[in-house]
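Everything below concerns the one structure shown next.
All chains are identified by letter, namely A, B, C and D, in their written order; residue positions are counted from 1 within each chain.
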Amino acid sequence: MSVSQLFEEAYTGLKSLVVGLGITGKAFCQPQVTVIYPKQEVDNLSSFRGHVELIGKDDDPSVPRCVACGACVKACPSNCLTIQCPVPVKEGDEGKPVVMGPAPQKGSKTPAVVIVDFSLCSLCGQCARACPVDSLQFSDNPYMVRLDRKEFQIDLLARLRRMAAE
Amino acid sequence: MQAFDPKTLAQDPTSVRFEPGPTEDKLILSMGPQHPSTHGVLRILLELDGEYIVRAEPVLGYVHRMHEWMGQEKTYFQFMPNMGRVDYLHAMAWNWAYAGSVERLAGIEVPERAEYIRVAVTELNRISSHLLWWGAYLLDLGAFTPIMYAFDDREFLLDILQAVTGSRLTYSYFTFGGVYNDVPEDFPKRCLDFVKLLRSRLPMYRDLVTDNVILRGRCEGIGEMDVELARRYGATGPVLRGSGAAVDTRRAEPYSVYPRFDFPIPSYPQGDAMARYMVRMDELETSCSIIEQAVSTMPGGPIAAKAPKTLKPPKGEACYAVEGARGKILVHVRSDGGPKPYRVKLRAPGFSNLSVFAELARGTLLADAVSILGSLDLVIPEIDR
Amino acid sequence: MIPAFVAKMGPVCSAPMDHATTGMTLSITVEAQNIVDAITVLDAEGYMLEDVMASDLQEGFEITYHFSLLDGINRLVVRALVPHEAPRLPSISAVYPGADWHERECYDFYGIDFAGHPNLYNLLLPENFGSHPLVKPEKARKSLADLMPLGYLVDCGLAEPEAEKPKPAKVVKAATTEDA
Amino acid sequence: MTPDLMSFDHPLTRLVVGLLCVFAFVGLNGLVLVWVERKVAGHVQLRPGPLHVGPYGLLQPIVDAVKLIGKQLAMPAGADKYLYWAAPLLAFAPVTVCFLPLPFDPALAPMRLNTGLVLILAFSGLGVLSLILAGWGSNNKWGLLGAARSVAQSVAYEVPLLLSVMAVALTAGSLDLYEITTQQGAWPWQWYGVKNPLAFFIFLVCAVAETNRAPFDLPEAESELTAGFHTEYSGMGFGLFFLAEYASMIVVSGVAAALFLGGWQGPFLPGILWFLVKVYAILLLMIWMRWTYPRVRFDQLLNLSWKWLTPLALIDLVLVVIVAGFGG
């Protein structure tokens, strides 16, 4: 390698270093892009896919469309859904307290308990896909901070009633 | 300093097996599982002579999750969300490989619109993977700023993908026969805007990093491999293209609607870390051009074929190869006609790419080994599965 | 159409497959002891080792090697069957160094012993893990006849062709497997 | 009014008061530098940097310091107890001595020595000893590799550093920093940095390497050696290394300001302010470089020193001698 080549290489090398400084220097003067979160709002929450929630009937939004068939429970890869209905009363057992059993139960067309355990959920949407009456959808609730994992057992019926009331 | 004593590591069978070399002044160094540049929890046992590497052996399995067993235990639909977790950086390609192999097995036709959406989101995801690699690789080489610029650009992309899929990282967007839900109205416009933005940023990337004399010194001539070595180890993707073979599964074994798009396959003959770097930088542009073509010619129609709620493919087997950001993803599914696969085999490109590392790292400096490791673009969850 | 080099591999049987429905073009079954010779032929032909997969069947462990050329649609699988009692076959890691890790993975999951492997220890599982998680219980195992389509079984002499049901796949076969 | 250290008659009193001032100066400037570094890094990376503690995050370094002091001082098993704890102290102590001959202002030179430059170079050479002890004493392989790197690096970069300083000392005809400063004028064209830009450039590069700053931060290269020589240090043990790094940055910037940029001299403003402005300009350049470049490789680092900087510094020295011979 000749001396001139050597110095040419050194020159281009030094130039690239100066160009690099120029770029970071320019960035230094540009406005920042950080969203300082609790003080500023994040603007794309509407498309966020949170835990599943029930969809109410068109005529009565506080009652879910759900027919308590149990398809979503079976479809869930992580077993995070619980749907319970009253177990049909056997003959001779009338008057005893109502026992809840996993859906489907004979004679029950609405669920008595719908719980999603969000600490297990991986948000895959298989439950919503499996639902025959389109009663499940993703919520867009990103504020999911709890102190105990048990608190992630979300009562969807209560949530639906609350949403309908608002 | 105590001499290396294999007895003190009796609880660790891997280390015991990695005996000290023939001379005593070799240093056995356990790089990882917690090390800044092993990208997660990879462990590499190194035998060093000074700072020169005599022997390197990757130790895997720290994030092993037994996906293949889960594949056998879950139904076809239930295994789908696992695919986003295998390689969290290019989840769409894994989605596609599994969906594609089951579609082949069950003979499900995918509607045209779904194919175009698949292409668009997979290429977007590829760009996000390459951008993250770019930043992380420079972090390995000691430059802290580029990853922030890369993440700044990646943010726009993740917003687009969030609007489509609802999540920002571990997508499970594909279903058998199509995609989960339709893209929003403004999807093509946002894609084109993003492509424009990225193209305006690429010269900055080049000036700041690619042309930088220090980076060139760290990458050029490091970890050279040729096509023959890549073939014997099964290295694919940018690693293979960086060795001079212009091979891309999207072109070699065309799937979906890729044959309809016009895109170049970047390849560099040098085979060093710089060549792999350049291939990935060029692929950013390639993916941009595919996205442009896909969203501007996206037809209307249904987004998913009618698939039964419980899928029971006929007995048989099928594989599906997809070009992921790291190389050829191959999913092989065997069915016995039941609702669960009999066997699912996932071929992770990073697994084969990493297996070359021992060969490439021999005789290099420790700093070069870090550079080589970074240039292979590893995602450890994909390698460990 | 079966390429000429297949004959050199000493196949027990070779069945063409339909790429459109299976993603493969050719399936070659060889004796487990001959695997290294068979794969040396593929190496000379310039094939790349993609993957090594094992599955647990009633007949034994079936080890499936996926090969393809760097370019083009030409994936072929080489299969070898080893019995459950003595799951042992020669290692091909001397021919394809990339097979090293794939074989270790099979050893992890199925306990298949690759003779002549330089480094046969657990790769993904801890070294003292003890068991092989993907080995199926006796009743869950299926035989080849339950897993493979009829066309393949016929080609391998495992079943009689059903006269009334010509496989549509067979028609396409000739069109898609002529490369390699 | 500027404080006048010269009013203390006895040199020993001056030394003690000077040392106390230096400790305060180093501590305060260290904290400010941490803030500046993080703020610059933030803005270069399009993010705000420290923000929440105090106005503009100004109190963040204090919180960090309190956190570091509050942490447990852990020592790895098998470490050499004395070497292990001596290392951080040894890293910090010599750097403070280096401040003594620095002329901050005509009235504010803690110690005027006619061999001030030699003192600084000698004591900054001691700094590498602490890195070796830290790396060796902590019984950690990463630390050992870091220590080995730091030795080779400091040996390689002392040479061109000395040569470039010698070029200036020859021109000025003195080794006293006060003397060298006064020989330059208030305006840039009177500075040695402008008269002899090559020596200035070599000094800057070597200064970055001597203080182990990116892109030459090989002894602690975090993506290769996790943290190099201070891998095992926690709490204030690490804090002292951290402080020593910033202190030695200030020292080399101070020396550069005095040698090449006319020290305290400048129009209109008081001397101490000019001196600090010049020191901080060089510090900012070092910080700016850190957040721009990748790290060089070890052999490249040594090659740069032996194949480029040392010959160039020698040529520069010869030129200076010739010019001084003809001129003087």
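Quick note on the criterion: contacts are C-beta pairs under 8 Å (C-beta built on N, C-alpha and C of every residue); 3 or more make two chains touch, one makes a residue touch a chain.
Every value quoted in this text rests on a predicted model; they were computed, and no experiment measured them.
Student: Just grab the chain with the largest centre-to-centre distance to chain A, centres being mean Cα coordinates.
Tutor: The most remote chain is D.
Student: Which two chains have the greatest number of C-beta pairs in contact?
Tutor: After counting contacts between each pair of chains, the winner is B-C.
Student: Distance-wise, how many Å sit between the C-alpha centres of chain C and chain D, to the nearest whole number?
Tutor: 64
Student: Using mean CA coordinates as chain centres, what's the chain A-chain D distance in Å?
Tutor: The separation of the two C-alpha centroids amounts to 52 Å.
Student: Taking each chain's centre as the mean of its CA atoms, how far is chain A from chain C in angstrom?
Tutor: Once rounded, the distance between the two centres reads 41 Å.
Student: Quick check: how many Å separate the C-alpha centres of chain B and chain D?
Tutor: 43
Student: Provide the list of chain C residues touching at least two other chains, using ranges where the numbers run on.
Tutor: Residues: none.
Student: Mark out which residues of chain A touch at least two other chains, giving numbers and ranges.
Tutor: Chain A, residues with two or more chain partners: 17, 20, 23-24, 27, 33.
Student: Which residues belonging to chain B are in contact with no fewer than two other chains?
Tutor: Within chain B, the residues that touch at least two other chains are 145, 149, 152, 208-209, 212, 214.
Student: Graph shape for the chains shown, where an edge means the two chains touch. Line, ring, star, complete, or other?
Tutor: other
Student: Which pairs of chains touch each other?
Tutor: Listed by label, chains in contact pair as A-B, A-D, B-C, B-D.
Student: What part of chain B is in contact with chain C in the complex they form?
Tutor: Touch residues, chain B against chain C: 13-14, 17, 60-61, 64, 66, 68-69, 72, 101, 104-105, 107, 227, 231-235, 240, 245, 247, 252-253, 314-321, 328, 330, 332, 334-337, 342-343, 345, 347, 351-352, 355-356, 359, 384-385.
Student: Which residues of chain B touch chain D in the complex?
Tutor: By the definition above, chain B touches chain D via 1-2, 27, 29, 35-37, 50-51, 138-145, 148-149, 152, 208-209, 212, 214-215, 217-218, 365-368, 370.
Student: For the complex, give me every residue of chain A touching chain B.
Tutor: 12-14, 16-17, 19-20, 23-24, 27, 33, 44, 47-49, 71, 75-77, 122-126, 129-130, 132, 138
Student: Given the complex with chain B, which residues does chain C contribute to the contact?
Tutor: Residues 20-24, 43, 46, 48-51, 53, 55-56, 64, 66, 68, 70-73, 75, 96-98, 100-102, 109, 121-128, 133-134, 142, 146-149, 152 of chain C touch chain B in their complex.
Student: Residues of chain D touching chain B in their complex?
Tutor: Residues of chain D touching chain B: 41, 44-47, 78, 136, 139, 141-142, 144-145, 148-149, 214-215, 217, 221-226, 290-300.
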